[in-house]
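Naming follows writing order (A, B and C), and every chain is counted from residue 1.
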Amino acid sequence: MSVLEVRDLSIRFGGLQALEGLNLDVNEFEIVGLIGPNGAGKTTAFNCITGFYKPNGGTVTYRGRDVTKTPPHVKAAMGFGRTFQNVGMVKSATALENLRTAQHAKAGYDVFSGLIGTGASVRAEKKLTDKADAILDLLDLTAIRDKRVGGQSYGTLKLLELGCALATDPDVLLLDEPTSGMGPDESDELGERLLLLRKEFGLTILVIEHHVPLVLRVCDHVYVLNFGRLLAEGEPSFIQTHPEVVAAYLGGEDPEALAATHETAEDAELDAQLEARVHGVTATPAPEEPVAEDEPLDDDTTELPVAPKAKRAAPRTRGKTAAEQREAKAATPRPRRTKKDAT
Amino acid sequence: MDVMAIEIVVPAVSGAVQGCVYGLLGLGLVLLYKSGRIFNFAQAEMGAFAAFMTAFADAGSGILPDMPVWAAVFFGMITGILLGLLVERVVVRPLFSAPKVTVVVATAGVFLFLYAIEGFLSGPGPRSATRIIDGDLYTNGGLRITNLGGIIVLVLGVLAVLSALFFSRTRMGTAIIAVSQEPTATRLVGISVERTAAFTWAVAGLLGAIAGILLSGTNGVIAPGLLTGLALVPAFTAAVFGGITALPGAFVGGVVIGIIEALAASNIPKDIMPGSGKVILFGALLAVLLIRPAGLLGKET
Amino acid sequence: MSAEVYAPPEEAAASPAKPHRAPRSYGPIRWLPRILFLLPFVYWVLWRIPNDEAGAPILADACIYAIVGLSLNILIGYTGQLSLGHNGFFGIGAFAAAYSLTVRDVPFAATFVIAGLCGALFALFMGFIALRITGLYLALITLVFGLTLEESLFEVEWLTNSGAGQPADRPEWLFDDRNFFYFCLSFLLLAVYIDWRLLRSKTGRALLALKENERVAEAFGINVTAFKLLAFVLSGTLAGVAGALLAYRIGIVTASGLGFNLALTFVLMTVVGGLGSRLGVILGASLFASLTFLLDETWVGVVQTFLVKVLSFGNHTAEINIEGSIVGFIGALGLLLTIVLNPGGIAQQIRPITRWLSGKPFSLHDDKDTGPGSVEGSSVRA
């Protein structure tokens, strides 16, 4: 069953059509990635889904309920946990305070018993602190428990922000670039964390992410946005080689030409690795190491070609196996569902 | 003249003249907002301080010699400029990177400070203000425009046009706008942020002084806090009404506000609604801020 | 999904270390010097000054101002909404109490409820405005609101006894100024308790969160609209009750003392005391309430001699009301110095002492967690 269903979502700011006819499904326990070049409308989509923007058209359905016009704080109470692109926390407060603030909707007492100071409210406060401590412990952030959030490093903030989103007791977690400000190692660690969190808390996660290895590893499904439209969707491996996606990242060039230059040795190897991951067979004469889960994916070239430089540096030898695979793939028409809905 | 005319025209005309003074004060407020996003709650009291100095110089009290009226007015205007410079240097500049609301509270502090100083100098009671010129420009039945009223209209008109030209035509004017919008970048291209700010405050002090001297003249007496109570809110309303960043807007807004206030005050009896002028102003300000925050002449952003 | 899933195991609950403990603990003994330090203050404030004929009313004023300061602190310090119209809420409370007692024969105790409600109502109105108008414009509109009330509602004949002022007589048991001070003090203690509970409960956290970032607050599930209004209502209630106390303190309510200057004085004492700090605000308010008392006539005389004899300003030597001006002078100077040089106010200055009193070792330097960045809204954990 779809936890989150976005249908035909559109929003415009003045003359700019920021989103147009976006369709998106997030199923129970899935981790869904939302990628696209800068300015593609990813964060706008988040803001529409979480209620910060009022879309001009379309619907957002959460577990069968139409929540398009539900204000953000109600959605937070319903189970939408979110993080922001530029760290959304109370910077002047401590980590612990932030985690307690984030539990606002589930605090378990009303404003007036809090002001009077009834026994129940005091006990509830104690529980909030316990839960905050548990989250700090879970994320290995106990060291900054009583530190002011403002002075911490960006990566720490991002992690703590994830903690705050967890503290809202979410059902769906929407993460906006959770690894920005983190090094590759930390990012990998975060990937592990997300998988762990999903398992432990039964979360459904929608994540905007630029760090491709992470997307490849954790996402079950990826949506690609460009200029406010859905460009492609599918499994990570499929998206990674999708010519239009590549074109979108490189910007405006002829997709066919790009598809041709795309077939470098590295790409071929990668394709094969991905194939292996998906189907459980190793199709290429692999490099020394066996196709492991992480290491080879850390390679620069596995990044979607965000930086054209990396692309140009790549040797343009054509891998045979890759060509074969491509032919095989071409035989079965690719499910290019750019505009139609996915159901 | 028929009754209708007396009830409407007379207060409308005197309101328009009064409104010009609001516009004059509003001009200073707009200038400071335009250049530094500051609401100066001390603007009226800075004018009052200059008016006090004019009155002191005119009467020759204290260490000041007994000056002729023109010299006293000149002295008052100089005081206004110096006061503007002083406020900028001592209060505004140290708060350059502070939140704007803090700066606004600080200007309220400047008001209280001036209020206290004036209390020291003059005592709490009113003293007679300097009247630049006596006599009437035009009288017809109940309608009466004094020479001073004529001067006010003239001065405001000239100043509004001059300041508008200043911002569109001169290097300094452009620099001020640039500083207000991009302080860092402006500094990079070699414009001194400090100097433009000092200049702005000096001009604001001068505008305040002119408004204060003229207003206290029409009012006849002057006392600590009197001008603030009388004119600060209408001046702000005028500035907001005309679009807080539009200099001619302050002029138009001032006249509109003056007329509205005068009509309300003269046509709504005090026993039904005391302070009706102020209530209407509050309503007008609220309405403008809620419905059209950019004001009548301001641009929608 | 639910809290039970990751309810902390025992060691997790114990592990969040409390790093800043005093290196050596002297047990209960270490409180002794602190108590000895506080005793003289307690003696003076609770016994010595109240028994002084001139001192008691000033202490009562201090309590009243302190309640207003706390009320204003909720808006400015916690919620980030500048109100320059607090004289309005305060005055409404004063008039409502006096009117309901004298004209409507409402029982004494009930007048406080009425005053609080009236203050809350007007504050709610201002709160709705604050939802749409923010920042500098809010400062402006609150200021205009206060001025308008001063000139309109506070001049209405039936409310002001045709301008003569609405009498508000204390009941017999409060005739004594000392008793009245204790009465005011109990209200102040109540206000302090509410303020303390506010910060210790989700409400205070919600206000601090929305002050800093409304979107984050919303993402945390905080209803920003409702909590902003709540802050205004709470603030208005406190100001209204303080107004009622003032009515009984003076005995007659007129518009003259409830103007623009009062609103500015309120903001001023709160800022000088230290925004966001409960103790600072109370001290700041007390300072302003007792300024006339503290500056005895010799001070005034010196200034007067200087102005009148040396500069020979003002030809009416006799009727110079220098006491009134000097309060404004010192206050304004204090405000400007605070804002420009010492944004933490009194609260920041006395932090070494308050920290010591709270049981930590004495040190002139701030600990890291409450560094200079903590100036505004610092007392999340106060």
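In this section, a contact is a pair of C-beta atoms (placed from the backbone, for glycine too) under 8 Å apart; a residue touches a chain by one contact, two chains touch by 3 or more.
Just so it is clear, the model here is predicted, and its values are computed rather than measured.
Taken as a contact graph, with one node per protein chain and an edge wherever two chains touch, the assembly forms an open path, each chain linked only to its neighbours along a line.
Among the chains in view, C has its Cα centre nearest the centre of the complete protein Cα set.
Averaging C-alpha coordinates per chain places the centre of chain A 55 Å away from that of chain B. Work out the mean CA point of chain A and of chain C, and you get 47 Å between them. Per-chain CA centroids place chain B at a distance of 32 Å from chain C.
In chain C, no position touches at least two other chains. In chain B, there is no position where the chain touches two or more neighbouring chains simultaneously.
Chain contacts: chain A has no residue touching two or more partner chains.
Of all the residues in chain C, the ones that touch chain B in their complex are 82, 84, 129, 132-133, 135-137, 139-141, 143-145, 147-148, 150-152, 155-157, 259-261, 264-265, 267-268, 271, 303, 307, 311-316, 319-322, 324-329, 331-333, 335-336, 339-341, 343. Chain A meets chain C in the complex at residues 50, 52, 71-74, 76-77, 81-82, 84, 88-94, 96-97, 100-107, 109, 111, 114-117, 121, 125, 127-128, 130-131, 133-138, 142, 145-148, 150-151, 164-165, 168-169, 171, 200-202. Residues of chain C that touch chain A in their complex: 1-3, 5-8, 12-13, 15-20, 193-194, 197-198, 200-203, 205-206, 208-209, 212-213, 215-224, 230, 368-369, 371, 373-374, 376-378, 380-381. Chain B meets chain C in the complex at residues 37, 39, 41, 56, 61-63, 90-91, 94-95, 98, 100-102, 104-106, 108-113, 115-117, 119-125, 224-225, 228-229, 233, 236-237, 240, 271, 273-276, 278-279, 281-282, 285-286, 289-290, 293.
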